[in-house]
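The structures considered in this document are given below.
What follows is chain A paired twice: with chain B in the first complex and chain C in the second.
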Partner chain A sequence: MTRLTPSTKSVALHIGVVLALLALNFLLPEYHRGVFARVLVLAVFAMGYNLAFGYTGLLSLGHAMFFAAGLYGAGLTIYHLEWSVWPAFGAGLAAGVVVALVVGFLALRTTGVAFMIVTLMFAQVFYLMTLYFTTYTRGEEGLVLPQETRVLGFPGGMLDLSDPSTRYLVALSLFAIVLAAILFLVRAPYGRSLIAIRENEERMRMLGYNVFVNKLMAVVLSGLFCAASGAAYAVLFGYVGSGFAAIQYSILPLLWVLVGGAAATLGPLIGTLFMFYVIDTASSYTTAHLMVVGLVLIGVILFFPKGIIGTVRERWLPWLP
Partner chain B sequence: MAAVKPLLETHGLGRSFGGLRAVDGVDFSLPEGETHAIIGPNGAGKTTFVSLICGRVAPTDGRVVFDGKDISLMPAHKRVRAGIAYTFQITSVFANLTAFDNVALAVQRQLIDDHERGLSSRALTEHGMDALQKVGLGGYADKVAGNLSYGHQRLLEVAMGLALRPRLLILDEPTQGLSDSEIENFIALVRQIGEEATVLLIEHNMDVVMALAERITVMEQGRILAQGAPAEIRANQAVQQAYLGG
Partner chain C sequence: MSENRKSLINLNGGLTRRSALKGLGAAAGLVAAPGFVRYGQAQSSEPIKVGFQCHRTGIGAAYGRWYERVTTAAAKRINDAGGINGRPLEIIIEDDGTDPKRGAEVVEKFANQHKVDLVYGTLFSHVVVGSAPAAGELKIPYYVVSEGYHVASGKMNRYCVQPGITDVKAQARSVAPWIADNLGKKVTLVYPDYAFGHDHRDFFTPAIEAQGGQVVAKVPIPPTETSFTRYFPQIPRDTDVIYHVMVGPAVLTFVKEMGEFFGSGGPQLFGFIDSLEAVDISSPGLEFLEGSHFWEGMPRYAQPDQPDYVTAYREAVGIDQNGASANDAKDVSTAAHMFGCWETLNIIKASMEACDYKGPDDRAAMIEATEAMTEMEAGPDHPQGKKLFNGKIHQVFGEQNISQVKKGKLEVVHRTSIEDGAYEPEADYTAMSF
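For the complex of A and B:
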């Protein structure tokens, strides 16, 4: 066997990407390392969104609530209950799973535009709740987690999550775990069923699949990954505010995934990174940066109609997962 | 074949769409092992009737009994698991997946059901290729389903049905749009399937019906107009007027 099979190639590529990101920790200037750490955490959010939208075909406009469930689950328990980081992170994940189960159970009774509206409404309710309980959340102003609470305990010692290098490496670890999980998932029989449900739901039902339960599991897993991103964001960057539950944080993952490539494992990372730098660069040159961003988006759609990775896969590298 | 127990029975099965009685109180019984054809003019309610059986459409009244059990309230996916497979009148395959992946989705679920835990990829390949070979698509395993000819897509649907190893296979106008030579092969295929499974076949092509059916049911306006062996149906005056000769 001299030729590599598509699956070894793709595993090698993903390991390569993670190793390259690891090397960047030591190569990037301080500012860019900070940007990358943020992008890695938000790319996890985008990967979670991709599982629901890209693979399962569920166009949700409410994923900010899963991110925010993780953010608040971790942030509030640290701030008010003085939990340490590990259990707080667990609380964030649990909050995401519970919200995803409830919302999925109700919203999956609808499809298409109705599903978009129902998820949007639920997310809006969640957002308003973060404002309503302002005594605990301080609403838009938000909570700043003190630096001494943001330490990660290990048998061997403590990691200070506010240290730039530690923060980068923890963000990368989470990213790598979720990337591996998604890669495994989409190549497993369950992942293939999700794609097939997206392609032809009625046919899947008539092959004996319980479509509702499969979709619900996809929403819950998606919610779990998004909550992991939110919880990590709280402990790594030390800020928890209502802004993260607002509508733009439901639109952003959709945008990142579309730009990077829906139903492509590396699409969310590329999309998030690309959008971050476009906005960053544009806003350093002009105050009308949103106009530049809009123009760039139009360009991407014209030249990469299936997103960056999606189009690369279609034209050149069909083995990309 | 007098004492064969029925695999499928319907009792007063009906479905209305607004004021329209698409299926109107149908009592029907299908013995295990039979190959049975349903014929009737367009809009007679044939597709709706079999959709009530496989659970795609909910009945407004009546009951469906499969293998002695009342399945009227069972959701469609459970009926498939119980052994009822349906191939769509309008071709419904996964156009972006390869022919093999299409069949694999059926096999995969079947293997999970049989509690073959590990779901070995060898068993998956074996069962999948087996179903493709049965319909003569063995050489097309790696082709994207959407690029197959129309006739081959229809055969792929049948292969997906076969991969479910059903006890009752419902074929809804499977030969529609097939060429004459494809129809020849198809008749041979259904004969072979009929050795192992009970087949309920909706068909407009009378040559196919006469070649395959042990018994025929004629539907018109949601009701059973006549039922019997092919020769009886051919001789039936009412049927001739309503349908056959026009």
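For the complex of A and C:
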């Protein structure tokens, strides 16, 4: 009997995770199916963040702007221009890429703490713009995308994105595509170069790599995935508001990635899911649920210092990507 | 390494008493968790479950605390009087964190896990707007106590109703005639530069112009601002009245700096009490407000001529003569808004009784019963005052109070009419399908 190579095991695991998530659509109680749909969309946001932070070592505090660029790119074109879902989703992706390209080009002239502050400032500008242009965005109050506009057209028919099962399957499809893309990326030479940049930027420069271009590509790809998550959130859940551009939504993906495991492909999913259920469960029992969340996080840091998947990889499954 | 091996042996090798207890505890916790509880079909003797979407944490926590107290008091009164259709009313509370994303999740949790009959209680506009799509998709009635124009705008859906508190458009229109007649016709608006402030700007401006007045300057304050002195020179010297609707933690600084800038010779001041809900008017730095006027949905301070049903309401919700908690004089209430919870729960009761509500199959009938409502007389069910409900836009209209700060307390000096705040409906929910 031949032993499976780490590469085969890794691919099999990821396919298994996607199949298990597919099965959950039919097994989960209604409420939890809705939760998973939302978590899958937000896990894409966290995966995008993980590409920049976990793999490339770019600690950004501005990723809410990429998520919100996708959210508004899709939401505003549906609300004001009456675009259908496909082109609106494309507009969301394009908005994310453009914002990431511009912000990345400027912010990557800095490193470390300065990069953190510059991305934070750009995100704050983006957030304030969503408040300032109330006429179009309704600012912090936000906009509801009417249910009849949230329909995905196919040659063979239409999919109602407000239907719970459809929503789950669309969220899972997006998650699976981005998971596969990330898995491919981090195993490809380009992904290796990002990890090498994270480990020793100067050495990569000395070896002849264009570090700036590589990092810019990472930011743009990260922005693309985050925007995909934002655009999907708009069309699947029907709400677009400034709250998603606020600092809180720059910190959340960092938290999800740290809890799940930075530079681990499945870390963002586990982190997002874990944090959701900690808050959801604790708030059902006590009004002081934030204290419980804090204690749980301390516990995670003590026992899983590299995040849940990161620690599992370190202790038991070194082949995990 | 040996420690790792030891723990593995324990895990694989056998079940210790400690691990068995841990497992049992975890299993018990899982079973007790709301998500895994199986609720039976609603029977006629079972309680009517109302999911209360509460701002327990986040920026709306002060409001949430008082909304919860009023809700508890109103539910107790309804239950003491026999419940709804003979069934007890049960309030199930979930914290929405004053966050629109969590708000939508909470609506889903109420509908799919707690299996409530309806969702109720939300105040902050962004939580209402964020949650409305979920309520519409789940076809669950969503009775909000928010005062935003969002429901009346027709942009929500047939399941969203605001029957217990007036909206900002009506409030701004209501106070305009009195301001023009009593304080002056040249008004400068000072408002936060986001949707809440923009609503006041856009609704008050035509209202004061209709009274022969004019807005002589508009001074938007960026939401991140913490110091305001540099904005005051933008206020024209011929301003009669400053209309201010600042909210948030910086409001105390705003008032203090305004006092330092104008001294005793400045224009008249008219504000919305939203700025100072849950804040003691006699706090240090607020002396400058003496003599100024505020809009109040319902008076914070007990008024000498208040009817008995208002006294009974204040006792039931636990506020003293100064509008603070009867148990803690420093815990000031959100009196101008929280009455909406009391009135909304009574409207929910009336709607359910009107349609002989039996269970979730009657949700649409319940909405239709609310839509059919028109006049609501002032009394124990509506202590804030008489109301007129417009079923087309799912929005109630009512009288407003204009109060003056006298000796550090708010005294009602004028009560507007329902007609002062009336406006033409811009939508018709009754034409929408369920």
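Note that the second predicted complex is superposed on the first by the 320 of 321 C-alpha atoms of A that agree within 3 Å, B and C clash if a C-alpha of one lies under 4 Å from a C-alpha of the other, contacts with A are read in each partner's own complex, and residues count from 1 in each chain.
By definition in this document, a contact is a pair of C-beta atoms (placed from the backbone, for glycine too) under 8 Å apart; a residue touches a chain by one contact, two chains touch by 3 or more.
Computed from a predicted structure; not experimentally measured.
Participant: With the two structures laid over each other on chain A, which partner does A:138 touch: chain B (first), chain C (second), both, or neither?
Facilitator: After superposition on chain A, A:138 lies in contact with chain C alone.
Participant: Could you say whether A:315 touches chain B, chain C, both of them, or neither, answering first, second, both or neither?
Facilitator: A:315 contacts chain C only, not chain B.
Participant: Thinking of the overlay built on chain A, is A:110 touched by chain B (first), by chain C (second), by both, or by neither?
Facilitator: Neither partner.
Participant: By the touch definition at the top of the document, which applies to A:165: first (chain B), second (chain C), both, or neither?
Facilitator: neither
Participant: Who contacts more of chain A, chain B or chain C?
Facilitator: More residues of chain A are touched by C.
Participant: Show which residues of chain B lie in contact with chain A when the two form their complex.
Facilitator: Residue positions touching the partner: 54, 56, 75-78, 80-81, 85-86, 88, 92-97, 101, 104-106, 108-110, 112-113, 119, 160, 164.
Participant: Using the touch rule from the top, collect the residues of chain A that touch chain C in their complex.
Facilitator: 29-32, 34-35, 38, 124, 128, 131-132, 134, 138-145, 147, 162, 237-239, 241-244, 280-281, 283-284, 287, 289-290, 315
Participant: For chain C, which residues count as touching chain A in their complex?
Facilitator: 4, 33-36, 56-57, 94-95, 99-101, 104-105, 108-109, 112-113, 125-126, 129-130, 132-134, 136-137, 148, 150, 155-157, 193-196, 198, 222-224
Participant: Which residues of chain A touch chain B once you look at their complex with the stated criterion?
Facilitator: Within the complex, chain A touches chain B at residues 189, 192-193, 195-196, 199-200, 202-211.
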